[in-house]
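Heads up, there are several structures right after this.
You will see chain A twice below: alongside chain B first, and alongside chain C after that.
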Partner chain A sequence: LASLVVYNTSYGTKEGEEEKKLLFYHPKTETRDKKVNNVGLFEALVQFTRSFAPNSECETLRTKFHQHVFLHAEENFWLVMKVANRTSKAQHNEFIAYEDEMVDTVYHEVLKNLYETFRFLHGTFTAIVGNHGVEFLREELDHCFGQLMKTNLSKCDIMSVYNGVSYLNLDKASYIGFQSFIFTLQDKFKDVESSLLMFNDAVILSGLDETDTKVIVKYLKSKLKLCLAYPNRLHISISGISTYMLTYGHMVTSLFTSKHTKQTRRAFINFDAPNSMQQVEVILYQYQSITACLFLNKPSIPLVDLAKQLDAFMGPQLKTLTASIVDQQKNNYDITEPNLKHVYHNRCSLSVDSTCHVTSHSGEVSCVIPTDVMQVVCDINRTFSRSKCEEHEVINKVHNDHWVASKRTNGRELHVVVNHKNANLSAVTEEIKKVSCHFNGINFAE
Partner chain B sequence: RNNMEGKHYLELGKNPVRFDPVGVVTNVFFDESNKMVFVVRSGGETGVIVKGPTDKKSFTFRLKDKGALIAIKFSLEQKVLSMQRSEKCVEFANFKNGEPDRIEYSQTCKGKNNKILTFHWLSPNEVVFVTIMGVEFYQVNMEKRLLKLIKGHYLTILWATYSPETSVLLVSSTSNLLVPFYFNNGQVTRLQKFQVELSRSGQPKLELMERDVTLLNLYVLLSVYKLPQSLLLGVYKLPQSLLLGVYKLPEKPYILQLGLSGRFAFNVVDNLIVAHHQVSKTSVVFDIKLPGLSKSNVLYLEPLIAPLPIKSFKIEKEGVYTDKQSQKVECQMYPPTWIVFQPNIIIDACLGCMWYLKINLSTIVDMFPDRCLLLDFLILRKQSKPTILHVCKQALTPLHQLPLQQISSLLSKLNQVARDYIDMELSYLQKLEAQPDNPVLPSHRDCVVIDQNDMLTHVLTPFVGDCDVIHTFKIAIMMEYLKSLELFRIKTKPLVHELLIDTLVQGGEFLQLQQLIRHRVLEDSKRAACKLLSLESAHAPCSQLALDMLKRLATSDDEVIEVLLSKQQVLPALRFIRSVGMHDLVPARKFLEASMHDDMTFYSVYKFFEARNIRINKRPGFTDGLLKFRIKLHSFIHL
Partner chain C sequence: RHLSLLVAEEEEYINSSSWRDQKRHFFVLTEAGKPVYSRHGSEDKLSSVMGVMLALVSCVHDRNDKIRSITAGDHKFVFLIKIPLILVAVCSTPESITQITVYLKYIYNKIVSIVTLKQLDRIYAKQKNFDLRRLLTGTDKFLDHLCTSMDTGPEYLLGAFQCLPLAGNIRDLVSQALQLSKTNDLAFALLLTSGKTVSYCRLKEHNLHSSDLQILINLITASSSFHAGESWLPICLPHFNPQGFLHAHISYLDDDFQTCLLLLSADVNSFFTLSEAKKRVMVKLNKHDCLPILKLASEKGMYNVGKIGLPDLRHFIYKSKHQSQFTAPEFSSPYHDVHQQERLFGLYQHLHGKIHNPAIPLKLLFEVSDEETMLAWVASGFELYVAFSPLVTKGQAISSVDRLLRWIKQREDELFMIRPLVF
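So, the complex of A and B:
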C-alpha cells in the first residue's frame, strides 16, 4: 500500500485553500504540497475520464509502478488507494505483467470494504459532517482508518472480490429452532431490534439485510479470533478487546467503542433502505462457539445489566442448540480430495464457500493454491463480470499442471481447481464433475 | 374477581320442556332413561301427559286409577309402560299406538318381606328390580305378557343409584360398602365392592346416604360423594376397563375442593362437573383432566372459576295473558324445588319446567386469567373450535398480545391435539382394514381438532394482513407455527408456506426468505416457485430461487423452459432440456423465436434443431410453419 486518501471535492474550492479538501492522507509524512498535488491529480483524472464515459466513473488507473483505485463513496466524497505494483522489479517479464493486471477488482473491493466498515462503525461521512463538523470527521478517519488499514493486501484475492458470507448448513429443525430462539429473545427483550448469530466463522442466521450482514461478519471475523482464543478469563484485554464474563457466556466489550467520543458500542446499520440508516448499540455475546451480535435501539437499562439478563435467558437455550450443531457438523464432515479445490459464490445470497483457503488457529486465512492459479481465478471472475452475458463456462490450463474450470450461471459462480499431472481435457472434466455435483444448479460441459 | 359481577357462563337451555306443575290432583314423575316427564292427573284417570326429551315431543294417554303411583316409567323405545303402586310389585302394560294395552301383567319381587327400592329399564325388554334384598334381573316377554328372572344377586341393599348412559348400577350395602353392577348384552356382572373411607379414626362413623352419592358420566364414569359438613368432594373413578373385561378396584384419584359446605347437586355439562350450591345460589365447575395439586396419588382440584350463579331465566307465565302477549316472568334461581338429574337436567316441578344446563364458552373466555389453561380447557370441550380460534386470534392482536413463549405453547397444545388425532385416525384406519366390519366408532372424531386450514383461514391470514402488527412479530409467529408443526411431525401445507413467503416479502426480509428455502423450511412446490417468480421485480434474486426450486421439483421442466426463454436465456434453456432428456420433444419454434434478438444465438439454436431434424427425420428441414426462421437465417448468413 503506497497511500490512501480521502477527500471531498466540494471543500476548499478557492485557490490556496486546496488543503481543506483533504480529510485523510496516508502516509502522514508526505509533504503538504505533495498531498495537495495528488488530490488535484485525482480530481483531474476523475474529471478527464468522465468525458469518455459520462455515466460511469473512473475506478482504476494503472501506471508503470502503481495502481490507483477510486471509490466514489458518497456525494463529493472520494477514496483513493494507491498500491505499488508487486512486479515492478520484474517488469521485463511480460507474463508477470499480465498477472499483475487483474488485481484491480480485488483492490476495488478492499477499498469498498474499508469504507463500509467505517460506515458501519461510525456512520456516513455526510452524517458525521452534518452532526459534528468536518474536523470531527478528520479525527475519526485518522483513528479508524489507522486501525483498518492493517489489512494485508498481498493476501487479498478472489475472496475479497466476492466479499461474501459463509452460512452454516443446518437441518430444518435446528434452523427453525434458532429462528424461534432469536424471535423469542427479541420478544422478551424488546430493546433488541435485530440479531445476528454465528457459529465460529459461519453465519447461522441474520436479521439484517445482505449488505449489513456482509460488513458485520467481515468485521467480527477479523476481530473475534483474538478473543475466542482466550475465552475463559475474566475481564481480559488483548489487543484492545476486553471481555466481561457472565454466568454462561461472556460479553465482548470495547469492539464497538470509539475512543475518541467515549460513546460505547455503537454501530450503524440499514444503509440499503432509503432514509433508514439507524444508529444502534451493540451487545456482542459469546457462548462457546456461538457469537450473537444483538442490535439495540435506545436500551432502557445499562448494557451490562441487560447482558446479564440476556445471559440468563440465552445460556441454557444455546447450550441445547449448540449441541445440535456440533452433532450435525460431525455428520457433515466432508472428505475432500487433495487435488480438487473449489471456490463458490452465490451473488444472490452473498454466500461463499472455498476449499482453496484454510483458516489457521490464530485466525489467519491463507490460500493453499499457488498464487498464479488464484490470479487466474480472479482474472476469469473479472472477465465474467465485465461481460454482458449471464452464462459462462471456461476451462483453462495453467502452466504448472493446474486446470481451472469456471462456470457462472443463474447468479452463481464456481471455480474448480484441479491439480493433475499430464491430464487431458476429458480426465479433468471427470474430476470437475465430482465437485460440481455438490452444487445445486451448476453442471459443467452440459 | 370484582369484574365478574353480573357475569355468567352457565345458562339454562332456551326451550325448556314445559309441563303442568305439581298440584292437588297432579303428580309429576321423571323417567331418567327416556328423559321424559310424566304428568299424571287424578291417578291417570283424567290423562297422563308425557313430555320430553324436548318440549315439542308429547303425547297423552289414560290410565285406570288403581291407587297412588310410586313410579311410572317406559321401557326403552317406549314399548312397555311400567308402574309401581306398591312396595312389592311392578305392573306392566304393553304400549302400542300411543296407548297402553288393556291387559296388564305384573311382577312381584322375590322373597318374603322384600321391598322394591327402585327399578330400571335396561333395554326395550329388560328390567332390573333393586330390592332391599338384592338385584333381580328380568326379561319381559311382551307376547306372553310375563317376566322371566334371568339372574338374581342377593345382598342387603340400603339404596342404589343408576346411570342409564353407562348401564351401571351402584348399590350401597351396609357400612358404606358400595357394589357396582354392570349390565351388558343381557348379562349382569357384579363388580368388586369397595369401601368409602369417610371418617377418620377416633371420630364417629358417618353413614353414606343416597343423596350424598351421584354417578357422573364424563370422560370416565365417576362416582362422587359429598357429605354435608365437608368442603371436599370425593371422587371415585369407576373402572373404565369394564368393556374390556378387565376389572380393577375403583380408585379414588380426585378430590374436588368445593370451598363451601352444605348440600350440593351435580350436573355434567360437556365433561365438566358442575356443582350447584343451593344456599349461596352459585355453581362451580371442575375438569378432572386439568392439572391440580397432587398429594399422595390424589389430585386436589380447585374450581376453574370463582363461584358464579347460573344466568337468570325468563319464562312465559301460563294462563296469564295481557294484550294477547304472553307475559315473561323471571324464574327464581336455585329454589329448593329444583331437582337435578344426570347428565345436565334441572327440573322445577312446582314451576313445570325442565331445562338442560348449558355452558357458554364465549363468555367463559374472559374469566380465565391464564390463556394456556384456557386453551387446555377449551380443547377438552366439544364444539369449542370457534372459541379456540377466537382465543388464538386474540392472543395475536396488538392490545391483547401475549409473549411469544406463551403463544408458542398455545400452538404446541393445538398441534399436539392434531398429532394425536392423526395417530388415532391412522390406527383406526389400520384396524378398519384388518376388520372391515368393526362396529366401534372412533371416539377421537368427536374431539376438537384445529388443523392448518382452520389456523390459516381464521387466525394467520387475518393476522398477517393486519397493518398494526410489526413485521418481525408476524414472521416470528409464522416461524413459531412452523416450528410447532415440525416438532409434532405434521406435514406443513403449501398454503402455510405461501403465507410465510407473503409475510417475508411484506417485511422485505429477502435474506430470511433465501435462508428458509436453503434450509428447506419452505418446501419446494410449483406454487411457491410461481410466487417467487412473481416477486422478481421486487427483488431480483427471487428468480434464482424460483428457478432452483423448479429444477429440483423435476415435475416442472416446462416451467423452467418458459422462465429461461422469457429471460432470453435460450442457450441455458437448450442445455437444460438436454440435461433432462427432453431435447427431442420440445417444439423448435419457441426457442427460435426467443433467440431472434441475437444473430449468434439464433444461429446456434437453428443449428441445434437442424441437427435434431437430421437425427429424427433424416433431413435438416423444418416444417413449413417455420419458414420465416429459415429466411432469417439466410438473411444474415448472406450478409
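So, the complex of A and C:
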C-alpha cells in the first residue's frame, strides 16, 4: 500500500483552499503541495471518465509503476488507494505491468471493506459531518484508518472478494436449539434488538442483514483471533482487548469504542435498507468458544448491569447448547484426494468454503495453491460478475499441471482446482465431478 | 465573443450522446496537445477533450510515472505514449487493455507509414507545436478505414493474415510469376484479390511482417484512387524500416479492379523498371490464365462451416503460428446479422485476451454460457478458437476439434500460403 486518501469534492472549491478537500492522507509525511496536486489529479480523472461514461464511476488508474483504486463512498466523498505494481519487471516489459488487471476486484473489495468497517464503527461520513463537523471526521478517520490499514494486500485474493462467512455445520436439532435460545433471549430482554452467534470463527446464526454480518464477522475475526486460538486463556487481556469477568462467561469491553466521544460499545447497522441506519450499543459476550454479539437499542439500564443479567441467563443455556456441537468437519468429500481443491461461495447466504486456504494456529489464513492459479480464480470471478448470464461455466488450463474449473449458477460459485499431470478435458471433467457432487445443484456440463 | 461561441459549440458536441456513446473512440494528439486524429467527430471540435488527455499524461509524467489505463464500469481508457505522439482509446467493448494497446499500435504504425519515424522525430525536434495534420492531409480515410476494420477483423487481433482460398498449384504459379518481377532494388512483390492475399515474394533476408502487410492491404482496400493506371507512392513499412520510405508501384491487373499487384522498391527512380517488371508478371499470369481463376475464387469467397460436416460446430478461427496466417469460414447461422457477428467477435476477443494474458497465459479455455460453448486452445504450432452450440458435450467438442484439425490439415494447401518464394 503506497497511499490512501479520503477527500470531499465539495469542500474547498475556491482557489487556494484546495487543502480543505483533504480528510485523510496517508502517508502523512507527504508535502502539502503534493497532497493537493494528487487530489486534483483524482478529481480530473473522475471528471474525464464521466465525460465518456456518465453512468459509471472511475474505478482504477493504472500506470507503469502503480495502480490506484477509486471508491465513491458517499455523495462527494471519495476514497483512493494507491498500490505499487506487484512486479518489478515492469521496466523491461511493457505489458507485464498489466498483470494487476486481474486483481482489480480484489483491491476494490478491500477498499470497500475498509470503508464499511469504518461505517459500522462510526456511522456514515455525511452523518458524522452533520452531527459533529468536518474536523471531527478528520480525527475519527485518522484514528480508525490508522488501525485498519494494516491489511497485507499481497495476501488478499478471492476470499477478500467474497468476504463471506463460514457457517457452522450443525444438525437440525442443535440449530433449532440455538434458534429458540435466541428467541427466548430477545423475548426476555427487550433491549436486545438483534444478535449474532459464533462458534470460534464460524457463524451459528445472525439476525442482521448480509452487509452487516459480513463486516461484523470480519471485524470480530481480526480483533478476536488471538482469543479464539487460545480459548482457555480468554480472561487474559490480549493485544489491547480488555475483558470483564462475569459468573459464567465474560464481556469484551474495549471494542467498539470511540476515542473522542468516550461513548462505549456502539456501532451502526442497517445500511442496506434506505434511511434506516441505526446507532446501537453492543455487548460482546463470550462463553468458552461461543461469541455472542448483542445489539441494543437505547438500553434502559447500564450495560454492565445488563451484562450481568444476561450472563446469568445465557451461561447455563449455552453450556448445554455447546455440548451439542460435535461435528466441525467442514470438508465433506474425501480429503485423500490431494490433487483437488475448491473455493465455494453462496452470494445469498454469504457462506464460503475453501480448501485452497489453510488457517494456522495463530489465525493466519494462507493460500496453498500457486499464486498464478489463484489469480486465475479471481479473474474468472471477475468474468462471472460482469457476465449477463446466470449460468456460466469456464474451464481453464493454466499450465501443464493445473486446471481451474468454475461454475456459477443461481448466485452460487464453485471453483475447482485440479492438479493433474498430462490430463485432458475429459479426464478433468471426471475429476471435477468428485467435488461438485458435494454441492447440491452445481452440475458441470457433460 | 466569437471564441466563446466556438467553445460553447464544442461543449455541446462533446456532450451529445451520439458522439459520446460510440463504442470505440481513438484519438491521436501531439505532446504539445495539437489534435492529429479522432475516429469519431472532427478533431477540431475536440481540442478541450484532447487537452484533458494531455493534462492527465503530463500530470502522471510529473510523478515520474507513465499513464497506462483507466477503467470506469465497462469503459476502458487506454494510453499509448510514443513521443512526439500520444494515442488514446476509449472503448466500451470486451477487449482487454493489452488488446486495445495493440490496436493503438496499429494506428501509430499507420501514421509512421505515411510520414516515417525519421521525419516525425526531425520535425518535432525543431518545432514542438507543429500541426501534423499538414502532413497527413487526405489520409483520414485510411485511418478511418483501419479503425473500422479493426472492429471486426481477426487479422488485427491475431497478428496474422488470411489468404484467398485457392488450389495450391495455382498459388504456386502466382508465386512464380511474382518472382519474375525481380529487379535490383525490389523488396517485396504482392498480389491481392478482393483485398485478400494470394501470394507474395520477398527478399531472402527480409520477412514481410503481418502488420506491414496489413498496412499495404489497408492502403488498397481503403481507396479507389489506385484504379486508374499505374500509381507510384512512397510508403514506410514500420517493421521493415521505420526510418525510411519504400516506393510502391501499384496497378490493377483486371478491368473490374479485383486483382492488384504491388511492387515495393527501395529505389525512388525505379518506376519504369517496375512497370516493365509488371508486364513480365502479367505475361506469366496470362499464359496460365490465372486472372479468371482468381476472380472465380474470390467470387466463391470463403467456405461454409457446414461443409466440414460437424453438426455442433458453428464457427471457428484457426491460426497457424509459423506462417502467421489464419483461416475462418464465412459467417453462417446463427451469425447472419451484423449484431450477432459483432457479438461473436467479442467472444473471440474475450477468449484471445484471456488465453494471451501477459501475466498468466493459459493453454486451454472452455466456456459454457447461454448462447454458445466456446473453446480456445493454444498448442505449439497453432491457435484455435471455436464456437459450438451451447448444448455440445465436452466429449463431442473434443472429437469435433480433432476432426476439424484433420479437415484443416487436408486443405492446408488451399487455405494457406505454405510455399512462399524469395527473389
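Going forward, the second predicted complex is superposed on the first by the 414 of 446 C-alpha atoms of A that agree within 3 Å, B and C clash if a C-alpha of one lies under 4 Å from a C-alpha of the other, contacts with A are read in each partner's own complex, and residues count from 1 in each chain.
Note that contacts are C-beta pairs under 8 Å (C-beta built on N, C-alpha and C of every residue); 3 or more make two chains touch, one makes a residue touch a chain.
Owing to the predicted nature of the structure, the values given are computational and were not obtained by experimental measurement.
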item: Contacts of A:Glu391 with chain B and chain C, given as first, second, both or neither; value: both
item: Chain B versus chain C as contact partner of A:Thr409, first or second or both or neither; value: first
item: Partner chain(s) touched by A:His66 [first = chain B, second = chain C, both, neither]; value: second
item: Residue contacts on chain A - larger count, chain B or chain C; value: C
item: Which of chain B and chain C A:Gln375 touches, first, second, both or neither; value: second
item: First, second, both or neither for A:Leu208, with chain B first and chain C second; value: first
item: Which of chain B and chain C A:Lys190 touches, first, second, both or neither; value: neither
item: Which superposed partner A:Lys434 touches (first chain B, second chain C, both, neither); value: neither
item: First (chain B), second (chain C), both or neither touched by A:Cys348; value: first
item: First, second, both or neither for A:Ala173, with chain B first and chain C second; value: first
item: Common interface residues of chain A - those touching chain B in one complex and chain C in the other; value: 391, 446
item: Partner chain A, residues of chain B touching it in the complex; value: 403-405, 408, 472-473, 475-476, 479-480, 482-483, 486-487, 508, 510-512, 514-516, 518-521, 540-541, 544-545, 547-548, 551-552, 569, 571-572, 575-576, 578-579
item: Chain B partner contacts - residues on chain A that touch it in the complex; value: 167, 170-173, 175-177, 179-180, 183-184, 186-188, 194, 205-210, 213, 273, 346-349, 390-391, 409-412, 440-441, 443, 446
item: Touching residues (chain side chain A, partner chain C) in the complex; value: 37, 41, 44-45, 47-66, 87, 93, 95-99, 101-102, 104, 372, 375-376, 379, 383, 386-387, 389, 391-400, 424-426, 429, 445-446
item: Complex interface listing, chain C residues touching chain A; value: 14-15, 20, 25, 49, 52-53, 55-56, 59-60, 65-75, 77, 90, 92, 96-98, 101, 350, 354, 357-360, 362-371, 373, 393-395, 397-398
